[in-house]
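Input: one structure, supplied below.
Every chain is named by a letter (A, B and C) in the order it is written, and numbering of its residues begins at 1.
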């Protein structure tokens, strides 16, 4: 096995071995084991926060509150009502996710910082409430004497408790890793970095954020449950704003959006205060300084720095092409697009006024027009990115006016953007696979558990995505991060992504912009081939040669209205079109450029 | 309804409105919501308390010194914690974490210098915090003045937006590139916004100190309630913030008197969540289109 | 204190770490030079749980000075059975959440006797852990629960408890002042809870009264005027103040001043802060009374005890005690160290079970705070006769010497 592939396995095995051997070297009642158990508990919560803040980009400033819900559930139910720990912990998880969801639901529709603020407010309010609801929570004094968990008459002492926490930590790590590597994880990153890409593949950003939040809050809840039994005392002071910031710092220190980040962060974090006990009173100040410094100089934390160093030390080998080129693609049943009377106003500007446009099934239609004529607006309205003021958008025979972008995408509409919208941190292959977001059948649970059916499906989709990369001609870039791929090829990956989504109507927004001559030729051949397969293509383009070669029908827009429509040869001869749009250019260069 | 409760709600609400306006001043041209704003308010209160009691400065001189000092701290915050993040990505929200880090640093440094105990600040002569005998109400002369000053300040800020410079602010808020074309430098505008937003926050702290004490615990509290007023009144809308501030202040005071003062924050939180769920853009804003 | 536009509510010259270190060093030098044989003895390690950081550090940290004086005295006199006392300090940040970890940390060093923590909530969280670890402990916890020897067989309460305090205050309010409309203002801690519960029970049992209003405030609240306003609105003319830290008390009296409302106030010894004299007009302080110890108080005919006066003089040499003299004097730590010494010397053993036996058998030991007695079941060492109500205003009397006060009428 090559070193590169073996290294993570070696690390994982070493981490687990160290964790399992620790109790052999320290006493059952030692402070070291107490701290190690606590460390495990914090890692569980940090893994969840990392999924939410690192992958889905939703910074929770109130994670302590979700831990508190789990801890109080266990403390109150086991002390006052003599529940078993396991039942109480399960309820704690559900409550943490449920109560948290109620609080943060309004935030998902708004700017990301609302989420940060609402979680911060939730934690502050919750902290006040656990002090205020003395009849329930016993106020400032807290709940004392939480009994250890027990199973089959066996009471968990410090050592068994420690092993249980290690086990839960490992399980949490694996589950989250599986989710991160699945379409859900890719959708989280898409929502974080390029929301339009998520919309284009039919992933609802709200739903993605909610999914990440629920997993994260449930992990915080289970961490809280263990927190209660490990500390035996649960008080409001455990769950201050400082505690939330501590979690955030743990994740930022280890590396936001890296799987090992929370573990590295928690380890370092735990060792530092224990070593520098004298600096205890400066702790929050140090936290603040670290948080600021890391965000400025190491946004991917310690893990990011290590990874960078490792890459420099052992550069990535060129990836071999992984699958044989597939010669034939199954035909695509094209969807017709019928737009009529479409109107859209932005503030005082009428961007589109009573525009009619028709693309029959399997045709290739072009929309041309000067800058600001409303071409892209038309695409955005047809694909659900804008809500029109009036008119009708029929895709197939169904009226889609006012439907959300993900819904329209699910109907079989794929699109590309003027500036390519790929998820820069994901490989080209992952970007294409993301296209199948709505096609993939495996649900979150079977993905998290890596059930055979989910694995088989993922494997099949992977092969298919490679096939599409071949089809568009960039298979050699499959494993390259999309951000590193040349601009022209990013476009092709976008087209592959749209096809991967099973698009039967493909909207291309200026695909030729910035392409070299040879790239242009490849694009032209590619579009022609897609058309041959049967898909409907609507292309917005300035490049009139390209349009003339591939489009069977051209619509010219000018200042929000249709100036002319018809066969390319006829339209380009139209005097009004010459004057309004091409006149100058045609004269200057002699040919469309 | 108890008149006295409403009166005190309006007084507290005026403070929340001022914090919300300081958020808005900073947010409108920059699209950055400063998480350290609460601590800047607190810092204003603490510096002012020290300037008058320890250095023995006259009220007005201390007032100006506090505003300039905190304004400069806001500027430093922009240089250190916001500009580098925005230089990396215009759309990212890394500044959520960095401004939060700044708030931690400020609150802990202040805790170091001043200690955790609250400082009582007296209002300027001839105003006083002694309750006036005005029939059913026990409101003081200082509190009445605070309500009036708040309305005047909101009016001043609003009219400033209508000036040429103010319109430039709007232009940048709406379209960065268009603003650049019109010769407005977004960087310098952002620096000014942080300076003015921080100075306004400091002024809020000075005005709040006689009522709330100058103490380190002031920050998170006002951050939360200022955000509530700003969000309910629609981010960026100062008149909305004023009305929402009153709404929050009175709701809070009623909650305190009918339930228990411990429920104040919870009541506000529920109001904010309800408003955001029904009208995400706040009570006084219009919904904006999504853009690709 | 200067009367400038901004009056600091509290004295800022709080405990200084370096001062403490210096003291500790002096103590070390004192016994080190005094007897070389003594220094060779294995020191008797004592867990010393004290907040040096956190919100309440400024009001709680100085309270250990009494204990420190006792350690110095005992070590200067040859230690316990020849072994010098050595303090092993841990900072609990006055947070109940920190206590279980601290107990583990100290236990790991084989320390079997703890002094502190301070505060009922902090103490109960700590005692829960020390009880199972069989650690002898005395905390600054007034909550009556902490003196229950059946529940907490290794904890010893050497201070008045909430039941005793409530009794003194209720009797004074209703019988002496003849007030019927009593309001309760309590902090949201185990102390506040138990004191308020005892107050309500006594008002009902002895006089058939119910409080007109009960206000419970969180100790971290930035402003307490809303609670005070609610009491005023309810028409209370007497307020039971179960307030145990200085910033809260200061905020409450300032709120009363703003409202121009000066009801009679009786409550915890925490009300006796000197800063009060700057906050409230003199006529208002006349109405404020707090629970304290007979030995530390005087009347027209009686003088404070001689030992107590000597202690007051000693305390005056500690600048960090300034402003907190009463609370330092009322702390259980001085007496606890002497009880510990007596118990160990009687049993001639440092084993926790032996120390427990020795402490359980203590009868009428003359402590600073009063006569201290324990049984196996009753670990509340101070008797009712030693608890009195004193006038807060008498703190300005030259006879006060920091920690002495005049007894209220009829005590």
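Some notes on this structure:
The rule is simple: a residue touches a chain if its C-beta (ideal position, glycine included) is under 8 Å from a C-beta of that chain, and two chains touch if they have at least 3 such contacts.
Only a predicted model underlies this, so the values are computations on that prediction, with no experimental measurement involved.
The central chain of the assembly on a C-alpha centroid basis is B.
Using CA-based centroids throughout, the chain positioned farthest away from subunit A is C. A separation of 34 Å divides the Cα centre of subunit A from that of subunit B. The geometric centre of subunit A is 56 Å away from that of subunit C, both derived from CA atoms. Spacing of subunit B relative to subunit C, judged by their CA centroids, is 40 angstrom.
Within subunit A, the positions touching two or more other chains are listed as 128, 131-132. Multi-chain contact residues, meaning those touching two or more other chains, occur in subunit B at positions 260, 262.
Residue positions of subunit C with contacts to 2 or more other chains are 188, 216, 218, 220. Within the complex, the subunit B residues that touch subunit C are 49-50, 52-53, 56, 59, 115-122, 124, 129-131, 138, 140, 209, 212-215, 217-218, 221, 253, 256-257, 260-262, 264.
For subunit A in complex with subunit B, the touching residues are 57, 59, 61, 103, 105-107, 109-114, 116-118, 120-122, 124-125, 128-129, 131-132, 196, 241, 245, 248, 252, 282, 284-285, 287-289, 291-292, 295-296, 299, 346, 376, 380, 385-387, 417.
By the touch criterion stated above, subunit C contacts subunit B in their complex at residues 2, 4-10, 12, 14, 54-55, 57-58, 188, 215-218, 220-223, 226-227, 229-230, 233, 246-247, 250-251, 254, 258-260, 279. Interface of subunit C with subunit A (complex): residues 52-53, 91, 95-101, 104-105, 107-108, 120-121, 124-125, 128-129, 187-190, 193, 216, 218-220.
Against subunit A, the residues of subunit B that register as touching in their complex are 33, 35, 80-81, 84-85, 88, 93-94, 96-98, 100-105, 107-109, 112, 220, 224, 227-228, 231, 260, 262-263, 265-266, 269, 272-273, 276-277, 280, 289-290, 292.
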